[in-house]
């Protein structure tokens, strides 16, 4: 496929959609459906650099802290639960129950336990993101290759070396799947944790615009939220390519034979 | 990423007892914690009080109406998401041109958090079931679509060529080659979609106010009825567990022939 | 036309979802002789007891109005629903309505909602601090944090009024947003220095031993109109008769509620989960039939002074 | 040296009791190249896994260099049939070979030397920085063999190592393992289903019966020590030995009157 054709294919539909939205909302007088042009104008006006510093960066900081903490906790617990059979039997039903509780419902409880500062918002993010990572790690650790674990036993590979190479690296494709599933949840919880107990943040600002009936600004916030989501998923894809280079190579390799 | 059907735990005597023990210890901790003053009892009622309140709630007709609204929103949203996800997934997955043309759009819309849709749905449908339905469908749809596209992409070229060489038409190829290969992915997609759908259902009701358990929880919060809040949270948790058991049951039934499940039975203890 | 325009946009924005576009169940034009099907958006708090009582007493059905009451999250969900025609009437606090008018959202108040009791220390809402807190009166709040259920809204405006009235510097008070249900616990745990709660949370604060240092609604303006019922200018233009009938029924409900506080306490039990013993002890707001225009004006000025609004909105245009 | 005494192994999974090994007794003296061959499904792999300490015996015992085997013994290496799955896909070839030495806390310089020497021995010096999945099946098995060599075992177990490679690669690997055995002087137990391979490689061939497995035959291979694919396989003695083992296995395949189903 020539470069031009691929370029057209990649951009055609998004541009088309954007244009459709622009035309459809051009002359809109509806209070809650401002024209796309006024939204974009509001975007420039609202998201100045100092507002980004005041609201967007703290939100992203909390998002990152919560997300990374959730991954670390999820992998650590997952490795233990996946390796020790009776531990898995003991905690699995409990985990299924805790996983099923929608995180937004937990926000008041987390506020009760840890106050109203950033720590609470980070804990809310962790409370939602830890599950996909944990459960996928358990699956990854449980599903490791028999022959590889026999090899380790035969060659006396135990302890930290075994943990790193057999337990974690073997499970890494599954762990990454869990981490990818956790990303959108982190964004959602970032916003929801700011809807309930905050005085700054991206989610908080969007809600404030909505309550203050500043509709174009509100839509610009929603647009920014979407862009943040896209940016984070691109960053994740890059990190994944680095982390799982070997895995993609292996799968592609196997396909050619 | 091959998300092959998760291995369903084999339920034999001992692990079940351990599992129940795990839950019992957790319940006991929630009973002792507040009474011992670790947490202010006024805002974190012990398990016994929660269960008593749950008993009262079950007596209220409004509870059952809310439960039915929740189940209906959840089931309806899940059904639309699964059907749409499979149809669009197979379509985009098998036609290379379509897949390439829509790749960026899928990547553009997918990461947009469904929460960003809340202002949109409120304007469109207000605090009605349909608002939360849109949220649920939006979030659950991507889970199914991505898995189905993975599944269709995972079709072994050798199998596809064999089918073509035996003159199987497009529809027959989908029926006998694409579908069986994609099935484990579809099932994984449905399993993921089920849990996401429940979470978005309750969240939508909580934040927008569409009728259902989520709204009952918010209503209880606004009425400072702390025990009712915890009782209803317990119900949402139980709903999640039941949903998970149901999807695992369906998974074992539908994928009985699949190696991941089959290998599960053959390997000696 | 607008309906199809909105549905088209939804389809574009929500590309992959099958947004079922069958016509929404707004108020269809009633066949002659049939009562008007009316949907009103309210919040499940005690302020709206009169409309529930009015429906119970049949004040609306007498006037050919088949009223359905739907509870929503807050003003943020009700206003758009009224503007889009999903609801015909809504309930919202005065500041939100002033904010909406300043953005010319096309809203029109139809009648009064509820007022403060006007009696200092005996209002249905109050500013509380911990029993052993050094803060004795509102002016001591300078440099302290106060919890408000929504920022840049009626609560922080009223608390600033209390601080000003007590000779303190309102700008020095720091507000943090915290929903009512979490405020008493946050005060107990010392995460905030003061909280402003309405019933039934005022009872929770009293039970927790908190000390009331001001009734900010009373300080803001005498007999302050805290909230009002409203409709969209569109509906008012298309069906003034329906609006008039609704207003009459609403006024009758307000008068009835003001006179029958026991029935009010019972009806509150039907649409909230507030425990009976709490309902019995709660201080009820006042439900005068006429809007206290002076108080709404005072609120508008306070909102401009506190920076919620750049310039004073057309209060007369908003009120009936 | 390797002693197997009255080894008995039964699998009972899901209410089905399968007797994988009936009653096996044999000894492999120090430095001997012993092959084990038998009908498919006669528990060859189970035998090897029990000797390697990966699987507990139901009855009887295994002794490696005098000490009883309850867990994978030191100084014993195994080369598995599924070479692709026994290598770490996220480690380069060099690191795969070095990992067991790292686990034995060997200093870095010594590890590197041993790994380089082992890779040279199997002719893979130039691909040491590649990933296993970038190599062909034969080359991957060479990496597994190199890993075993670098480990400097006293006993080497090989479980049908060349079953999954094409015929030409198999011939090269057979000659490679012969030369490695001669150089290391290691005691080697080579399990295979290919009778020709057993006779070509081994100093001795142990023939197993169908399940429940017992030793059906145990014969010495008196072919000349220097073996090569052409002359050795053309030697009439080779064909005679091969014919005898083949007949013995056909007879063993017929289930005895009262035997449990295979």
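For reference, chains read A, B, C and D in written order, and residue numbers begin at 1 within each chain.
Everything below uses one rule, namely that a residue touches a chain if its C-beta (ideal position, glycine included) is under 8 Å from a C-beta of that chain, and two chains touch if they have at least 3 such contacts.
Quick caveat, the model's predicted, so the values are computed rather than measured.
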{"item": "Two chains sharing the most C-beta contacts", "value": "A-B"}
{"item": "Chain of greatest Cα-centre distance to subunit B", "value": "D"}
{"item": "Subunit B and subunit D, separation of their C-alpha mean positions in angstrom", "value": "48"}
{"item": "Rounded Å distance, subunit B centre to subunit C centre (Cα mean)", "value": "36"}
{"item": "Subunit C-subunit D separation of Cα centroids, rounded to whole Å", "value": "82"}
{"item": "Where subunit A touches two or more other chains, by residue", "value": "17, 32-33, 108, 112, 210"}
{"item": "Touching two or more other chains - residues of subunit B", "value": "40, 43, 105, 119-120, 123, 207, 221, 229"}
{"item": "Touching two or more other chains - residues of subunit D", "value": "none"}
{"item": "Complex contact set, residues of subunit D against subunit A", "value": "49, 52-54, 71-72, 74, 76-78, 80, 82, 85-86, 88-91, 99-100, 102-104, 131, 133-134, 147, 151"}
{"item": "Residues on subunit B engaged by subunit A in the complex (per definition of touch)", "value": "1-3, 6-7, 9, 14-16, 18-23, 26, 39-40, 43-44, 97, 100-105, 107-108, 110-116, 119-120, 123, 157, 192, 195, 198-199, 202-203, 206-207, 214, 217, 221, 229, 233, 236-241, 243-244"}
{"item": "Interfacial residue positions of subunit B with respect to subunit C in the complex", "value": "40, 42-43, 80-81, 84, 88, 105, 109, 117, 119-120, 122-128, 130, 133-134, 137-138, 141-142, 145, 207-209, 215, 218-226, 228-229"}
{"item": "Contact footprint of subunit A on subunit C as seen in their complex", "value": "2, 5-6, 8-9, 12-13, 15, 75-76, 79-80, 83-84, 96, 99-100, 102-103, 105-106, 150-153, 175-179, 181-182, 185-186, 189, 191-192, 308"}
{"item": "In the complex, subunit A residues that touch subunit B", "value": "1, 6, 9-14, 17, 32-33, 86, 88-94, 96-106, 108-109, 112-113, 139, 142-143, 173, 176-177, 180-181, 183-184, 187-188, 191-192, 195, 203, 206, 210, 218-219, 222, 225-226, 229-230, 232-233, 251, 255"}
